[in-house]
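One chain, chain A, links the two complexes that follow: it is found with chain B in the first and with chain C in the second.
Let's look at the complex of A and B:
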């Protein structure tokens, strides 16, 4: 088995990363197309640095993502708490299904629906509508990440806190929220990546003055992708890599600090 | 002697979940400073009683008194009662110190007082120096100690313990039984301990309530309940036992397995059908000629400090015997026992009637004994 496993994994990851690496490779091309490598150069990075519109859009995309996932995390967590407290099985099931339907319905439909909603109420399309739409499609994700944590939580913890004299808000703040924090954090990051990634919904609800990276790249690509986009992609890829590695080390550090004795025992 | 006011009292308390009657007319009286145990099989309503005391559940009927005041409507956080849960239920996001300090902090005690309190409580449960430990770094036994310290840090007058030791291994359980008992004596507060382990109940309690089907079947000291169970359920639940049908011919004479036996029970109707209880440890093996009963040995198990022998009599009743020496499977042997080893149970006798009957003939016996002692004295006086 092992003989097959290692090559299999190498080939699998190679195929997965090949397109990205190809893209990154051509960001260093001295020429202007991806047809033939004309020599090494940072010139497209220079162009990117000059392109203030693109840089603004990168920041705006980040702000939409951060704000929408923050709002969605708050609303979604409260929603999960509310669904968790529903005791009638049928009602609970129905609420969960409603949540999941939103998750699986195609982005195009959600985007079109928002477009109709916003135009009906005469919202001018732009930052606010994009933000609202992102909050809306992120909430079900957060609910989905938080609810299992609530279900896993030992219900006696709440009873124990009440038994010791805690009022409902104190139970929530000191016992329940800390117990489900991993779910909340995971929900936040999922919402963040969904928001950063989103093209379809944003495409519908964005207006003239405002754009996100996905939509901008799409509209530029229609006129033929310039290698400036490759340079940007390379930077974003590097950024993701740094985040992933940092996350790994932070995680390891946390576990070390938390259970030094346990670790020793395992040894 | 002046009766102390009970700290806690249930008067005709009943509770149903939908159609199921979980508690039917529970009456109980707890005095301050004693170790009480609710003993019964799963589903008998033990935890429900604790939840009524702590205020997590409300009674459908009846009254609950705390120091003479009705507390049916007093909210849980105003009751001076705390609970130790079976699965520890420590807050995993807090270390040992913060867990124990949880109650005192809610009460807005000063940081200095909180530190003293936590120190005192951890000392009480023998975990001094564990303040900074995370919960995940503690063994099961240590976690349960922290849970006990956390509940006691709130200065309860009644501590409720819902099967706190059942997740621990045998040795640790024994150790913590002893310690809980010591802590209770030291603090002098009332403990209400729930278990389905009869051995644990007998070892720890001042007073036991045996529960079954939402009713208290019998309450009394461990000795009372072990020696004089009121009915088949209690006799069977409290330890290994032999129960055979019999007829109480008249006071102090019972008929079972085709023979008459002298015994020490009285107060039944003549020729009343009864159940006869003989504990395995009260039976001795002897040769068939000297036996009060003759049985055939069927099976034998070595239990470490004794042999557990199963035998059958000629009426096909099974007898459990605890013997120090091994026997031969298939052999015919005699069983002997003393008249006082026989305990008689009437069918459907209420606890009140049972207690009254026991008292009446025990008084008689005491008088008789007193008379005998006097006779003895006058005799010896005459001789001298």
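Let's look at the complex of A and C:
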């Protein structure tokens, strides 16, 4: 098995990165297509820098992602607390099933159903409807990330705080929330990923005036290849790479710092 | 004090449930009800079952339903075949968290950008065709074929299959595989009798994570598959955003939901049976 391990993994990683590196490679093409490299040039980065519409869209996509994940994290955490405190099994099961409906539905159906919802209530399609849709489809994953943390939490902690005279707000702020923070953070990042990655739902509920990056790339790609998009992909890839590397090293540093502490505790 | 604590806490709980319940009603129950109502209307908003009749008597839509499920099935199988060994080998590596991060990284690049890359890779004069020409073969029409759709869809979904399988494999107690070897099983037997069954939750999660999104990859069919309507996802998009026949689009949506609920109920029963 060990003999095939390395070549297999090399091939798989090549496959995973080939399309991305292909985009990055042609972003430096002096020509205008993704075939035949006509010489090295930064001119498509220059075009990108001049394209204020695209830069605005990148920022708007970021704003929608951050704002929707923040709102979804708050509502999702409240939802997890609510579901956690339901004691009747049947009700709990029903709530969880309803929670998971949006997670297991294909994006086109969610998009279509939200489009009907927004037009029924005469919302004008644009930033607000996209934001509402992103909040809505991110809530269930936050609930699923927070709920296990609540279930793992030692119930005696809450009782102890109560015995020591803590008011419900204090119990929530100083006992419950700190105990479930890892779940809340994980939920926030999942929501962020969902929002940044979404195309189909946004495509249904966005009007003519507002566009996210995915929708914009779709409409440009239908018109043909433009190496400006390659330049943008290269920058996004670089940005993701920096975040991933930073995350990895921070994580390792934390683990190294924790290890001696743990040993102390064991003693 | 104790009573007021309990009352206050109950007040909080009802407030949480109120906010969360409002979301459930407004964005889960109501949209699905509206979708159902829309599917039961004709052009003048009168009640009708004609849309359903049209769907079930139309050969092309029934064929498309079969096609959608068939393609989603193929995409799931292809990703599973490639993802399982990848996940398995990754768990045996030294710095596995680092390599896992390298698997996750491509998922941060937007799906549309990756699809767009394949327009270049598979196009005439693209990397694949120039490689074919270089080794003395004839260039082929790769874009706008069903194969290109399958290839791109499988590529996009691959990390989502690797991740849950990797997690399930990492959770397996290494002592169990060691015990299996001690008891005389070769590595193939260990894989088949110990590792594979224990990684089943990850495989199931992966199948769910890939199969359902595969039904709505209309952008890939549009950009890579040659703008033909070959899956139900594309058909829904077409009816809502191109031909503006929302009622029929909703009908397809409702049928897809019902089909999925039935599939889930069936698989759930099997799981319960297996456990008892």
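Here is the rule we use: the second predicted complex is superposed on the first by the 255 of 267 C-alpha atoms of A that agree within 3 Å, B and C clash if a C-alpha of one lies under 4 Å from a C-alpha of the other, contacts with A are read in each partner's own complex, and residues count from 1 in each chain.
The rule we apply is simple: contacts are C-beta pairs under 8 Å (C-beta built on N, C-alpha and C of every residue); 3 or more make two chains touch, one makes a residue touch a chain.
Since we're looking at a predicted model, the values are computed, not measured.
Going by the contact rule set out at the top, does A:30 touch chain B (first), chain C (second), both, or neither?
Neither partner.
Which one hits more chain A residues, chain B or chain C?
Here the partner covering more residues of chain A is C.
Once the shared chain is lined up, is A:18 touching chain B (first), chain C (second), both, or neither of them?
A:18 contacts chain C only, not chain B.
Is A:164 touching anything from chain B or chain C once the two structures are fitted on A? First, second, both or neither.
After superposition on chain A, A:164 lies in contact with chain B alone.
Which partner does A:225 reach: the first (chain B), the second (chain C), both, or neither?
Second partner only.
Who does A:175 touch here: chain B (first), chain C (second), both, or neither?
first
Kindly classify A:156 by the partners it touches after superposition: chain B alone (first), chain C alone (second), both, or neither?
After superposing on A, A:156 lies in contact with chain B but is clear of chain C.
Using the superposition on A, tell me which residues of chain A are in contact with chain B and, in the other complex, with chain C.
Residues common to the chain A contacts of chain C and of chain B are 162, 165, 167, listed in rising order.
Inside the complex, what are the residues of chain A that reach chain B?
Those in contact with chain B are residues 154, 156-157, 159-167, 170, 174-175, 178-179, 181, 258-259, 261-262.
Okay, in this complex, where on chain A does chain C touch?
Interface residues on chain A, with respect to chain C: 1, 5, 8-9, 12-13, 15-20, 22-23, 26, 33-36, 75, 78-79, 81-83, 85, 95, 98-99, 101-102, 104-117, 120, 132, 136, 139, 162, 165, 167-168, 172, 193, 196-197, 199-200, 203-204, 213-214, 217-218, 221-222, 225, 229, 232-233, 236-237, 240-241, 243-244, 247-248, 251.
Show me the residue ranges of chain B that touch chain A in the complex, using the header's touch definition.
Spelled out, the residues of chain B in touch with chain A are 54, 56, 76-77, 82-83, 85, 87, 89-93, 102-103, 106-107, 134, 136-137, 150-151, 154.
Contact residues on chain C for chain A in the complex?
Touching chain A from chain C are residues 1, 5, 8-9, 12-13, 15-17, 19-21, 23-24, 26-32, 34-35, 38, 82, 85-86, 89-90, 92-93, 97-99, 101-121, 123-127, 130, 155, 158-159, 187, 208, 212-213, 215-216, 218-219, 222-223, 233, 236-237, 240-241, 246, 249-250, 253, 256-257, 260, 264.
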